[in-house]
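Okay, so chain A shows up in both of these, paired with chain B first and chain C after.
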Partner chain A sequence: MNKVMSNKWFITLYLLPALLLVGILIFIPLVLTGYYGLMRWDGIGAMEFIGLTNYINVMQDGMFWQSAGHSGLLAVFSTLSLAIYLAVSMILASKIKGSDLLRKIYLLPMLLSSVAIAQLWIKIYNPSNGMLNEILAWFGVQNPPLWLADPNIVLYSIFIPILWQYAGFYILIYYAALKNIPESIIEAAKIDGASPIQIAYRIKLPLIMGVVKVTIVLAIVGSLKYFDLIYVMTGGGPNGASEVMASYMYKLAFGTNNFGYGSAVGFMLLIITLIVTVIIRKVTADKEELQY
Partner chain B sequence: MLKRKAVTSMCALVAGALIATGCSDAADGGNNGGAENNNSGNNANGGSGESATVEFMHLWPQGSSAQHHRIVNEIIEDFEAENENITIDLSVLSNEQYKDQITILSSSNELPDVGMTWAAGYLDPFVDGNMFAPLDDMLEDGLRDEFVAGTLEAYEKDGQSYGLPLELNTVYVYYNKAIFEEHGLEAPETYDELENVINVLNENNVEPIALGNRDSWTGSMWYMYFADRIGGSDVLTNAINRSGSFEDPALVEAAAKVQEMVQNDSFVSGFNGLADEEAKSMFMNEQSAMYMIATWDLPNYTTNEDVPQEFRDNVGYFKFPTVDGAGDTDSFVGGPGVGLFVAENSDVQDEAKQFAAYFVEQWGSRAVTDAGVIPATVVDGDALDLPDMYVDVLQDLNDATNLTLYADVQMSASVAQTHLDSIQALFGLDMTPEEFGAKHEEALSEEE
Partner chain C sequence: MGRIGYFLLYLSLGFVAVFQIFPIVWLFLFSLKDNREIFAGSPFALPSEIRWENYLRVWEGGIGTYFWNSIWITGVSILFTLLFASMAVFVITRMKWKLSKLVLGLFMVGLMIPIHSALIPLFSMFLSVNLINNPLAIVITYTAYNLPITMMILLGFYYTIPREIEEAAIIDGASLHRLFFRILLPISAPVLSTTAIINMIYNWNEFVFVNTFISSDRYKTLTVGINNFVGQYMTDWGAIGATLVISVLPIIIAFIFFSNKVVEGISSSAVKG
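Up next is the complex of A and B:
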């Protein structure tokens, strides 16, 4: 068996199907997107090669950088919210009453499609008969915010359902990691007189640091390419106040029939995501992982 | 370490090359397949009695457009019964999905044989890309006369017709007669009267106008009407076709009037975050007194059995009022909605045209009576037993002095996007009327 596995030909043979799939489904479209970015193309008629014009225009496009800023903000929010998810997971993992039920409740949004979540929150945010403003009115708020119509707060109004949507996913990951920590270590710490906070911060967190790093990458990369909920809830509006990179790309390609420029934006999105990923890997790269 | 990296990248390259060749083979195969299809299509054309399949795609799903959907199915059934060698292969998508799908299909040159399109600016890239077949040959034998004057023209480019309009819509303000009566109000004929109506409603804590400006074409209609009343029927069209300017004082004033209405709390709160559907449901649940929409919504206020009779009886409409004594209330915003196209590269183009012509004729006679749609073909309203509102609307159409096509349809796709975004900013008071004009000028001059 060992002999077979060290045979380069066999390794290649086994890898080939996966390589082919990744190549066809991911790398070819990537390269094509970059290539279309070099064209003036309405998506329907003939393409015209215009060199790097689209890419140069993207660099100078205020709307692109604004949407990139919104994506960045979402990435920051998602990363910060990981702390909340982690705290919740720690509470759930320490045997409290009803933690099973709570875990299921947190998981619920994961089972809904983004469109359903968007519709649900559109109803909640409805300024005249939405749940949120009804509750605020109950507390005597005279002029409740226009959640999705006010350019200054629309972005945050959308972030909340996004964070809610992914809570279950991250809690599940953390929960699984926390459950893997041997009980004996925690017991030993308790005997040494460590408080629950100390156990969480000094023992549990370092032990699952590898998982935390992975979730940070997931959260940031996921945020940068986030699209669906925003598209359904506001379409990037009002007047671009909730536009993110992916929705801007979609609007250019399908809204304005400018596939060349849209592709260039898509390719920039790829490059930005790659750069950010590399940076996070560098920053979070640690000497050694703790072992138990 | 380095060596291993080199090996993997080599592998990736080799794999890439393999994939590339594999792909080009597949593409060739595809082309061959296409050619064979072509042949069989030609055979069918040869009249050897072989069957042909015409692909037809429309955007009236059963859920949201039940009446439309049913009539389409009936027309197809009848057509297939009369032409036994032709089968219609139907696919149905909802509006937004349809728009995306049709773009994707045309970029891969796989348009359905017959499908739906919008007029004017929307049509341009498809015509420029040789996607739609010119239809003048089929209009010549009498079909041309069936259409209401001005509707076919919206689908013309360089003197050729590329679409057969199915609907003709005009935009009105619908209002709830019960709410108006309760507060002693009457349908306004001037902007001052409209302002008064809005003030009275606001004083009585009734939301005056439902507006879903997340789909900013809804707000655009308000702006268009102000432009028409203040500057006359040509000022907006001229600004778009560059013989005029968006910085024309009349257009700037129209934008200012929009903001005046916003500042007077004329529209439901949070309108910039509401979809048109949500605004519509506010009006239909009697949470607001007025709602501006085109006549495609008429069935909801007349024949649609799913809407409570009591509400339908309460709905009236009025024409957009004159503004400061200026404007002609018989000048409408509106125009043809969707129309049929026939694909240029269709294998069964003759059959496709035959079906399209049949569809348009049948649609014309059935649309009003069965679906409550005002078709783009001439209807004799007197000969039919129609709800009063239809009779009135058909009469208005006869009396219309002008029909201004929706601004975002007149414009090219990218200018239209600028227009729609600016409309949201204008309504949100994020942009002055002057900036609004300048923004349009900038977008239009980039196109030149």
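Up next is the complex of A and C:
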């Protein structure tokens, strides 16, 4: 039995397709990104080794740090919005009728592609006949801002569709966690005279803290990688006001054929993402997991 | 809790529901209107006359090609991902070998990688083997990048299969191939369908790989295709609406039929991450 189940040929044969694909298409490119970062290269011609020049330049590149700042800001917004999602899930999970249907409605935007969402929201924000300005007009707003063309508000305008897109996703996760809390604990608290707010804050929240931490990681890391929606909605504009790390990298490589420098930015994106992931996992790590 | 309390709870839930669904309803409404109605009428008004010709116009305008490309590229990638992921997970969870934990860890690291960091080398690799503008590049990329998450969902299921199943099969003289293809693969059908749905949502909506590796209209998928298409119909909002509705419809239909699988898949792929 043991001999059959440790057949080396079989193990190799069954592992090979997945290992080759992941190795060649995920891990080798990551190493190459770091390597290309050391080159001056237009993507087609010969590479010229220039040492750490690109990396030093990235460190001093105002545009890079501005886009990193925008990614960071989106990460902060996304993390804060978790509180709204959590509040909605608490209401939803409190034995309310129709919660099944409501959760499905909330989830719907999550299924659409970021490109379709971006195109739809471009129309919603359209200054001449977008839905948003028409609704604002009912409330007497005469001169609404240019939602996607004003550098001071474009990042907020972009955040609303992000909020819209991911609401159902996080609500779903919180709802599932809340439903896992045994009814007896809640009943005991009620008998002891705890109010619904106290139960939510003192009992339910601590019990689902593990899941909340996971969603914080997801929200932050997801924001750092954000690309599709911004690329389609604004292309990073106006004047770089909505540029994020991934869109900056894309623009450098596939917009201006600056593959060497783009790779250095791509490598920085990788390093920053990994560092942030490790840090927030460390910070949010449980000393002792709450049990029930 | 009093009646006012319940009223307020439903009011806030209803507000969120309207916020979530109305943009999609609005999209559907304007896909059936003409420009005059869209520009002059209220955004909440129903179309005065249902203009299916918007759909006919964009379909004949060439969106059909993108649609079929999306269908087969999505489908073939799902098949490869499910097969290769199942094979690897079978070997990792059921076979006895020293490096299994290490190899599993390697696959799981793949979950943390930002795809944009790998984009430039992928492009140059495909360029050097002549796979730029070849849908094969897209299929293998989707397969590779979906393997870690698919394996992660499958792992939980494979760990729960009782050992007796293998023992009985081997004692009865079944080969390992037979054990995998005839016994384990069929009993994992429920979890495979969950992962298939997750893969479908990802592949159908994927943008950056196709946008980077494919420039010929013949091989573009719907996500990238609609982006160009919208530019082409810049001021014809009815046509733009129809284009977008066509691009989201298959996913919404899948959701209507398999909503439990979608919910299960999304939650199992997220919480364990």
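Methods note: the second predicted complex is superposed on the first by the 267 of 292 C-alpha atoms of A that agree within 3 Å, B and C clash if a C-alpha of one lies under 4 Å from a C-alpha of the other, contacts with A are read in each partner's own complex, and residues count from 1 in each chain.
FYI, contacts are C-beta pairs under 8 Å (C-beta built on N, C-alpha and C of every residue); 3 or more make two chains touch, one makes a residue touch a chain.
Nothing here was measured: the structure is a model prediction, and the numbers come from that model.
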item	value
Partners on chain A (chain B, chain C) - clash or fit	clash
Partner chain in contact with A:223 - chain B first, chain C second, else both or neither	neither
Contacts of A:89 with chain B and chain C, given as first, second, both or neither	neither
Partner chain(s) touched by A:111 [first = chain B, second = chain C, both, neither]	second
Which of chain B and chain C A:120 touches, first, second, both or neither	second
Partner chain in contact with A:81 - chain B first, chain C second, else both or neither	neither
Which superposed partner A:28 touches (first chain B, second chain C, both, neither)	both
Touching partner for A:71 - first (chain B), second (chain C), both, neither	neither
Partner chain(s) touched by A:54 [first = chain B, second = chain C, both, neither]	neither
First, second, both or neither for A:129, with chain B first and chain C second	both
Chain A residues touched - chain C or chain B, whichever exceeds	C
Chain C-contacting residues of chain A that also contact chain B	15, 19, 24, 27-28, 43, 128-129, 254, 259
Chain A-facing residues of chain B, complex	11-12, 15-16, 18-19, 23, 99-100, 103, 106-107, 125-126, 128-131, 207, 213-214, 216, 268-275, 278, 282, 287, 412-414, 416-417, 421-422, 424-425, 428, 430-431
Chain B-touching residues of chain A, taken from the complex the two chains share	12, 15-16, 19-20, 23-24, 27-28, 42-46, 122, 125-129, 146-151, 154, 234-235, 237-240, 251, 254-259
Touch list for chain A against partner chain C, complex	1-2, 4-8, 10-11, 14-15, 17-19, 21-22, 24-30, 32-33, 36, 43, 88, 91-92, 94, 96, 102-116, 119-121, 123-124, 128-129, 131, 134-135, 164, 167-169, 172-173, 176-177, 196, 211, 214-215, 217-218, 221, 224-225, 227-228, 231-232, 245-246, 249-250, 253-254, 259, 262-263, 266-267, 269-270, 273-274, 277
Residues of chain C touching chain A in the complex	1, 9-10, 12-13, 16-17, 19-21, 23-24, 26-27, 30, 38-39, 42-43, 83-85, 87-88, 90-92, 94-97, 103, 106-107, 110, 112-125, 140-141, 143-145, 147-148, 151, 166-167, 170-171, 176, 180, 201, 204-208, 212, 223-224, 226-227, 230, 237, 240, 244, 247-248, 251-252, 255, 259, 262-263, 266-267, 270-271, 273
